[in-house]
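As written, the chains take the letters A, B, C and D, and residue 1 is the first residue of each chain.
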């Protein structure tokens, strides 16, 4: 097992733990905004760590670029979705 | 290890499906169904069908989910709450037993499939050379069983004509109202940033689809999603359904397919056979035209019947 | 290895039969409302020519027509094949479609404001889709390709039902869609199981397999009920009366005359061509019981309807029942060749004469509704005095439904009755007789109103041009003319039977 | 083809069988039409998984599965989507016209809505 494999293992396990924590937060936190917070943490960092860990395994540069693109696109959609949900939550709040 | 993963995946799928069917919350059922579609996409990847996985994730989870959510919102507006709650629950025991029996019989058949399994993989690969393609799934869709794909496009167009026919007489030929009353700022941002990537990915999908997983359906779905995003964000209005350019785009793919099909009668070995020397360019050309047609049809199917009178 | 199928001369006609209407639909979509009708009429004329040429080619060659699409041999590719029965279906479809097209042209032409509107334009495109799907059902040899054909039918037929845009017809269309989708899904599931067991979906290749496992039985047990839901056999008929009664008259005519025949045709192929003899015999018995129940129950229901179109729709379910009692009468599954029997000919004639008579009847009902403004049977007193040709049409078509000579229905029912008596199926003979009496009841009920002298004369809401009345009359006369055929098995129906590569005559 | 892949194929085949049962139950037991439409989609997913299991079992020639059933599934998914779209459009129109989302109460007897 080379150094790069250790790196991959550590990163992916850390990413998976973050996802687990994010999911727990989604289920356990009391209100919409803090749930969103937990979720976006998992998305940002968790997915980022997993992508980072997988980078050394890529045979070609193109594969690495694609992985990074996946992360960027996921970031973009997650950020938008989070904003949208937060916006709806903020509009609903005053009435509640 | 991988079997454990499969078991967990299957358990998740069945649990989600059960939740979708038994929950009392209509919106929750739709959300669970979307999650189900995404999970199913992973299942297809586990079955080594990347082409199907892409299609399922895009259509099963994405577009169908959007369609259902829009319908749910519409019904909530149109139907008085007392009418919603009035629905009498039906007896469930007899149907449950009957459906259980169907599952058992199916399970028995699945386990009793012959061993070794019959497969057309050999023939499909052996004939690949004459098509010039590298992806056998694309070869099945565009060559061996091209008639299925062609007529399925006609099915899509009939569905669209059917959906359009549900408009009011005054609105027929007009456009659908997709733009919400209030457009959230982040959505507009997304609709500006994402489509260039989407178009790039779609072009890439059609191009590699000849040799690798991907192809016209997947690319068409991505394009449809981009078009819907742009229309939802109010950047561009939904097109008039009577627009000639739109209709040429919708009919163009299948029309080209039919023309090339009959060209085969004249210069190759019959209807829907391609001259071997130019088989691959012909197929990629048909795929490109089909992609646009599919994208337009899928997006307009989600948009629904026109509800604004056509502009003169 | 010799290929499973060898293309025959004229095989390309089968491709044309499927692709011509499909291409016409595409052209209509692009050209837009003003040219739709013209394109439709051209396509209908060409389609008639194709059907005629197919028939001539079949009679000349005396073997089934075969085409291998893209020259890809099954199991990898798909073959089209038309034997005598298929060609008969192609021809009947072409005739009914052409008549419907002419009828719709006149009917929509009555109101110039809507002649190029939503209803008419959608109708023409959907009609072409329907025709393409029908022709494919009759000629395809591949079970998945047949699934696509069934879906073409579903997606064209369902919107036709609710073209008038009323709430009731929406509900009818939705119910129809639910039944049709469930049917397609079950059919598709069965096809998947067959592929898993045989590695092919070609009907001929599956039929030639030597060993049948549990997959075959379960697949048939899924596919046949699925198709029954589409064919609206009792007790799965609930969707049909509101759907067929609610559609515009021209659409009702094709839905009732042709569309429900497609699943029946497929059941016939599954039972007679694929099922192993034991399963076929069992399936035949069950289908016959359901068919008999359909005849009796839905004839009674037809008798009790207050609306003319609903009555005709229930009569459709009853008349479809006759097609299912053919299975035991023709001895499907007992090792003999069913297509040489009089019951098989009777079934084919019933199919044809019902298609012609029912299309005529729905068109006549459409004329009445258009002229009077409603179709309540009670208030139609004396419509025969103001619309004599339409009343005649109704009466002639009724002759065929009742099975009174001279009519195609008479020959059909006479052949079936003879087969039942000879084969010792007394309960089926009794069903045929009672069904005929009940049909007489509901036809006479309408004719009685037609010829009645009303207290106040019936007023026509709008004048009905002669051309509109002539078209259904021609169909009804054709249904009657079938009654002059000889009472014996048709040679035409035996062309291309049995379907196997080995049995090709030298 | 390895025994493991075979087991996995059978597993997904059984999952398909289960989904068919669940989908059928959803279709027959729900009066709410939107829920029935979702039931159809689950039934479809189950059927496609059976095809997928068949395809996976037919893996050969270096392919992960038999491409013919895989292609059929792609066609089937698109058709199922079109069916869903048509059903949803019909349902929306029905609800607008009658104020009901079930077929049981789809009579025009519902009083017209006043808040429109």
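Before moving on, here are some points about what is shown:
Keep this in mind: contacts are C-beta pairs under 8 Å (C-beta built on N, C-alpha and C of every residue); 3 or more make two chains touch, one makes a residue touch a chain.
Only a predicted model underlies this, so the values are computations on that prediction, with no experimental measurement involved.
Two chain pairs are in question, B-D and B-C; the one with more C-beta pairs in contact is B-D.
Work out the mean CA point of chain A and of chain C, and you get 57 Å between them. Rounded to a whole number, the gap between the C-alpha centres of chain B and chain D is 12 angstrom.
Annotation: 31 Å between the Cα-based centres of chain B and chain C. Rounded to a whole number, the gap between the C-alpha centres of chain C and chain D is 28 angstrom. The set of chain A residues touching two or more other chains is empty. Shared contact sites, meaning residues of chain C that touch two or more other chains, fall at 76, 144, 148, 151, 155, 158-159, 162, 165, 189, 193, 196, 199. In chain B, the residues that reach two or more other chains under the touch definition are 106, 110, 113, 117-120, 124, 144-145, 148, 152, 155, 159, 162-163, 166. Interchain contacts (touch definition given at top) occur between A-B, B-C, B-D, C-D. Considering their complex, residues 184-187, 189-190, 193-194, 197 of chain B touch chain A. By the touch criterion stated above, chain A contacts chain B in their complex at residues 73, 76-77, 79-80, 83-84, 87. Of all residues in chain D, only 20, 27, 33, 36, 40, 43-44, 47, 50-51, 53-54, 57-58, 68-69, 72, 75-76, 79, 82-83, 86-87, 90-91, 93-94, 97-98, 103, 106-108 touch chain C in the complex they form. Per the touch definition, chain D reaches chain B in the complex via residues 4, 7-26, 28-32, 34-35, 37-39, 41-42, 45, 48-50, 52-68, 70-75, 77-79, 81-86, 88-93, 95-96, 99-102, 104-105, 110, 113. Contact residues on chain B toward chain D in their complex (touch as defined above): 2-3, 6-7, 10, 13-14, 17-18, 20-21, 26, 29-30, 33, 36-37, 40, 43-44, 46-52, 55-56, 59-60, 63-64, 67-68, 70-72, 74-75, 78-80, 83-84, 86-90, 92, 95-96, 98-100, 102-104, 106-107, 110-111, 113, 117-122, 124-125, 136-137, 139-141, 144-145, 148-149, 152, 155-156, 159, 162-163, 166, 217, 294, 298, 301-302, 304-305.
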